[in-house]
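For reference, the structures are reproduced in the following blocks.
Two complexes follow with chain A in common, the first pairing it with chain B and the second with chain C.
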Partner chain A sequence: MFKDLFYILVFPGFAFLSLFALAAEFYDRKLYARLQNRVGPPWFQPLADFIKLCAKEDVIPEAANQNIFKVMPVFVLASVVTASFYIPLWNNTALLSFNGDVIVVLYLLTIPTLGFFVGGWYSSSLFARLGSVRTITQLFTYEVPLFMGILASALLADTWSLSELVSFYSQHGWLWLCNFVGFAVCLLALLGKLEKTPFDIPEAETEIVAGSFTEYSGRLLAFLRLSTDIEMIVGSALLAAVFLPFSFNLGPGLGFILFISKVMFIVSLLSLARTVAARLRLDQMITFCWKILTPLALLQVFINLILKAKLIR
Partner chain B sequence: MHDSHKFKIPIGPQHPALKEPESFSVALKGEKILGVDIRLGYNHRGIEKACEERTFLQDVYLVERVCGICSHSHSTCFVQAVEEIAGLEIPSRAKYLRTLIAELERVHSHLLWLGVAGHEIGFDTLLMYTWRDREIVMDILAQFTGNRVNYGMNTIGGVRRDIDVSQVKDALKAVDTLQERTKYYIEIATSEVTIIKRLSGVGVLSYEDALRLDAVGPTARASGVKRDVRKDDPYAAYADVSFDVITDNHSDVYGRTVVRLKELLESFKIIRQVLENLPAGPIAIKAPRKIPAGEAISRYEAPRGEDVHFVKSNGGEKPERVKIRAPTLANVQAVKHMLKDRFLADMPIVIAAIDPCFSCTDRSIEISYLDDARKKEVLTWPELHAYSIDWHRKRGIDFSSLNKKLKEGFKTS
Partner chain C sequence: MSTVSNIVNWARIKSPWLLHFNTGACNACDIEIIAALTPRYDLERFGIQLKGTPRHADILVCSGPVTRQIEDRLVRIYEQMPEPKFVIAVGTCSCTGGVFKGCYNVKAGIDSAIPVAAYIPGCPASPKAIIDGVVKLLSSLKEK
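Presenting the complex of A and B:
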């Protein structure tokens, strides 16, 4: 009982994830700033932002649906933290694992997007509603390539469990390199999921202010922002587990450092992508995702089917 | 979305995309723009009227504050009109110095624009880079004039500050750096896929429409209209320097970007020629305090397009009428046309592409009632005066008794 509580609240649950998420946000912002030739924020800036927002007044629009408006941030936070329990960190067994947990993780990572949609829609502001509609439209474009990219990797490992997937690739040397196309596809799809440039269409500030978040303030906004940060590292950790599944036998100390560096590597790639690109338009993103990303993900599935046929023989 | 599902969203008066208060009421159907209502006037400061209350020399500094970015444009344009009425022929060194500051101002304005355009399409890296490089030209301007903006360089009859050899050397070095950086930006803007995707085909203004809607400056030149006051009606030292008028046939936001970037290279050319051929001599001649009766129109190619000033003197110390037509007023009509049937996402960049400067544009208020489009109200000066007295009286402030007391006081003394 106490052990479970420790897992949920401290490690690898809420406390660890929050701290790691804030650190990752700092790293992302600092790297983004340095790439843009700026100084960037000090290391405690994300934490200071969080505390400042928590100290501020929560303003809830009168026309908004009070309950849904208040519950959404908690709902989103809970789902991303839950998703992290199924992802192997430094050894090849995650905290919780069963055959089919790949699907559950992907499903849990979809909930934040739906949460942003519902929260934005019920805040009854024009900008928030436009943002919600964009969020949900975007969901239909990146979700398919993301699922196919990750499932292609699972297909080769012949398992629907993340822990087993990791053990499979650990035993098969350099086989994970074959998933390179899938990795690229999922990285771009993750950019869409995290609503980062070039896919930050739902919160394009020069068009619709802050999208779904427009009406959120105070503690609610603080937790929404924390959830997006946690979503970033959980998404990155998922990609790290699926596409960089090497050296999972180093033990807690070294293994932990390796896990952190893998996640940070993926976060760096995300920052790099948002440094070098302009925001696409929604119609351009739909075209890009369906005409380029999805066929590429299909190609990965095809490659893995052939590989599997050869391996079995 | 369902056909009846049309709605209006307010872009402005306060909105992150706009740097100044301006209202664009956008009718949307999904993401598609059905129509735009533009409303100006949130920044009206009464500068033209204030000019009539001040002397010609004071007005030079007042019109300089019409715009924060093209301050030299407005003061030069005004001073040229006054000099024409007074029949003053200014020394050629003053003409060259005016040209120098004008071109440096164009460089800083165009670099600023490029950064803003980058921000509007979500490309913040471009914003950070261009604004970093813009500091170089700002430093040179500060070295020449003492100020980063509102240079205070012009006076009636010439300029107020001279420059020396060491400053010329610094400026030439800075221009070399800037030219190198500009070439890099041209390369980025013409090769980066996401930029091209967001810019080309957006906000199209055909050659005919540009002429019909009276577009000016880079907006018109990007539609192939070869129109530049510096070439068509040379003022200051523009007749002595060689440069090309840049035009482009893309007619869209991409074309406007290319035109501005290439104009930067032309500006560097002009700055080099001016610095190398700076004639010796005085920088100003003495101007009379009272300007003889007469009127003049002065044209000037500001970074945003043609700026027009009309000045009328009745022979006194103060002008009888000053009229300013800032370039944005000429271009803002075209925005409505450019936005038709575009996406909401294109709106910020299309507005930004004319490089709008709204506080320069705001001149008077026409009240139109949203519920009844035909009913309009324009207040004349006496009506506005009466409205103000009434407004204060309703709030318990009444000056009429005070006025009476003052008058009686004058009689008894």
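Presenting the complex of A and C:
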């Protein structure tokens, strides 16, 4: 009982993920600033933003559906925290694991997108509704390459459990390097999932003020921001587990440092992409995802099928 | 002050989010405000970010005199912002009405419509003056 509560609330649950997410947001913003030749925010910036938003007035529009508007941020936060339980951190067994948890994690990471859609839609603001529609349109473009890229590597390991996938790759030396194409595809798809700059069409602040978040303020906005940060961490941890599955036998101390540095490496790739690219139009993104990313993900599936045939023989 | 309100006050000072609103300016002050937000002056080192929606903003940065047409909208945007909120008037016109004072279509400065926390004069106010004004407003919060 106490152990479960500890797992859910402290480690690797809510407290650890929140702190790590705030640290990662700082790292992301600082790196972004340094790449633009700026000084950037101080280290406590995400924490100050969070406290300030928590202390602000909650404005709930009269036209909005009160219950859905209030519940959605908590719902989103719960789903991303739950997803983290299935991802192996430093050893090759996650906290919870069963055959098929790759699918569960992928779907739990889809819930935030749906949450933003529903929350934005029911806030009854024109801008929020436009943002919601864009969110859901974007979902149909990046989700397919992301699933295909991650499942291609699961195909090679012949398991749909993340823990078994990690132990398969740690037994097979440098085999994980063959998933490079899938890694690149999933990294770009993750940018779309996190609504970061080349694909930040749903919250394009120069066009539709703040997308689905337009009507959110105060505590609800604080939790929405926190859950997007945690989503970034959990998404990066998923990519780290699937595409960088090496040295999972270092023990808690070194393994933890290695886990953090793997996640930070993926976060820095994300901020690099954010710096060098400008926002695409929605139709450009659809074309890019369906005509470039999906064939590349198919290529990865093809490579892995050939590799699997060779390995079995 | 208790510890909690100290922490909250610290967070407020460290993370002001701006909303920029043109109430009828000639665009010169707007160009200077945008210039102050560019990487050259890097306002993010004070935690300042430009937001698109009044719901997210703490500070309303207004430029220009209040025209009769924009007055209702200005008040509405001010009321859409969640408490605590502050207003900064940038430029001579938004402080007093400037050369437009007394025109048939113009009320006086921003403070004729909504309460103003800081005035930054200048025609147009330079980015350095704007940053100085914002920092002075934030440090006045510290004393309370």
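Here, the second predicted complex is superposed on the first by the 313 of 313 C-alpha atoms of A that agree within 3 Å, B and C clash if a C-alpha of one lies under 4 Å from a C-alpha of the other, contacts with A are read in each partner's own complex, and residues count from 1 in each chain.
Following the convention adopted for this analysis, a residue touches a chain if its C-beta (ideal position, glycine included) is under 8 Å from a C-beta of that chain, and two chains touch if they have at least 3 such contacts.
Everything quoted here is computed from the prediction, not taken from an experiment.
Visitor: Identify the partner contact of A:215: answer first if only chain B is touched, second if only chain C is, both if each is, neither if none is.
Guide: second
Visitor: Name the contact category of A:254: first (chain B only), second (chain C only), both, or neither.
Guide: Neither partner.
Visitor: Looking at the overlay, what does A:205 touch: chain B (first), chain C (second), both, or neither?
Guide: Touch partners of A:205: chain B and chain C.
Visitor: Would you mind checking which one, chain B or chain C, touches more residues on chain A?
Guide: C
Visitor: Considering only the touch criterion stated at the top, classify A:48 as touching first (chain B), second (chain C), both, or neither.
Guide: After superposition on chain A, A:48 lies in contact with chain C alone.
Visitor: Would you check which partner chain A:38 touches, where first means chain B only, second means chain C only, and both and neither mean what they say?
Guide: The answer is both, since A:38 touches chain B and chain C.
Visitor: If we overlay the two complexes on their shared chain A, which of chain B and chain C does A:130 touch? Say first, second, both or neither.
Guide: Only chain B is touched by A:130; chain C is not.
Visitor: Return first, second, both or neither, reflecting whether A:276 touches chain B, chain C, both chains, or no partner chain.
Guide: After superposing on A, A:276 lies in contact with chain B but is clear of chain C.
Visitor: Once the structures are superposed on A, label A:197 by its partner contacts, choosing first (chain B), second (chain C), both or neither.
Guide: A:197: touches chain B, not chain C.
Visitor: Hey, what residues of chain A end up touching chain B and chain C alike?
Guide: Correct list for chain A: 36-38, 127, 205-206, 209.
Visitor: For a test of understanding, state which residues of chain A touch chain B in their complex under the given definition.
Guide: Interface residues on the chain A side: 35-38, 126-127, 130, 197-198, 200-201, 204-209, 275-284.
Visitor: Considering the complex alone, what residue numbers of chain B touch chain A?
Guide: On the chain B side, the touching residues are 7, 9-10, 15-17, 31, 118-126, 128-129, 132, 192, 194-195, 197-198, 343-348.
Visitor: For the complex, give me every residue of chain A touching chain C.
Guide: Within the complex, chain A contacts chain C at residues 29, 33, 36-42, 44-45, 47-52, 55-59, 127, 205-206, 209-210, 213-218, 221.
Visitor: Which residues of chain C touch chain A in the complex?
Guide: Of all residues in chain C, those touching chain A are 7-8, 10-12, 14-15, 39, 42, 44-45, 47, 51-53, 55-56, 58, 80, 82-84.
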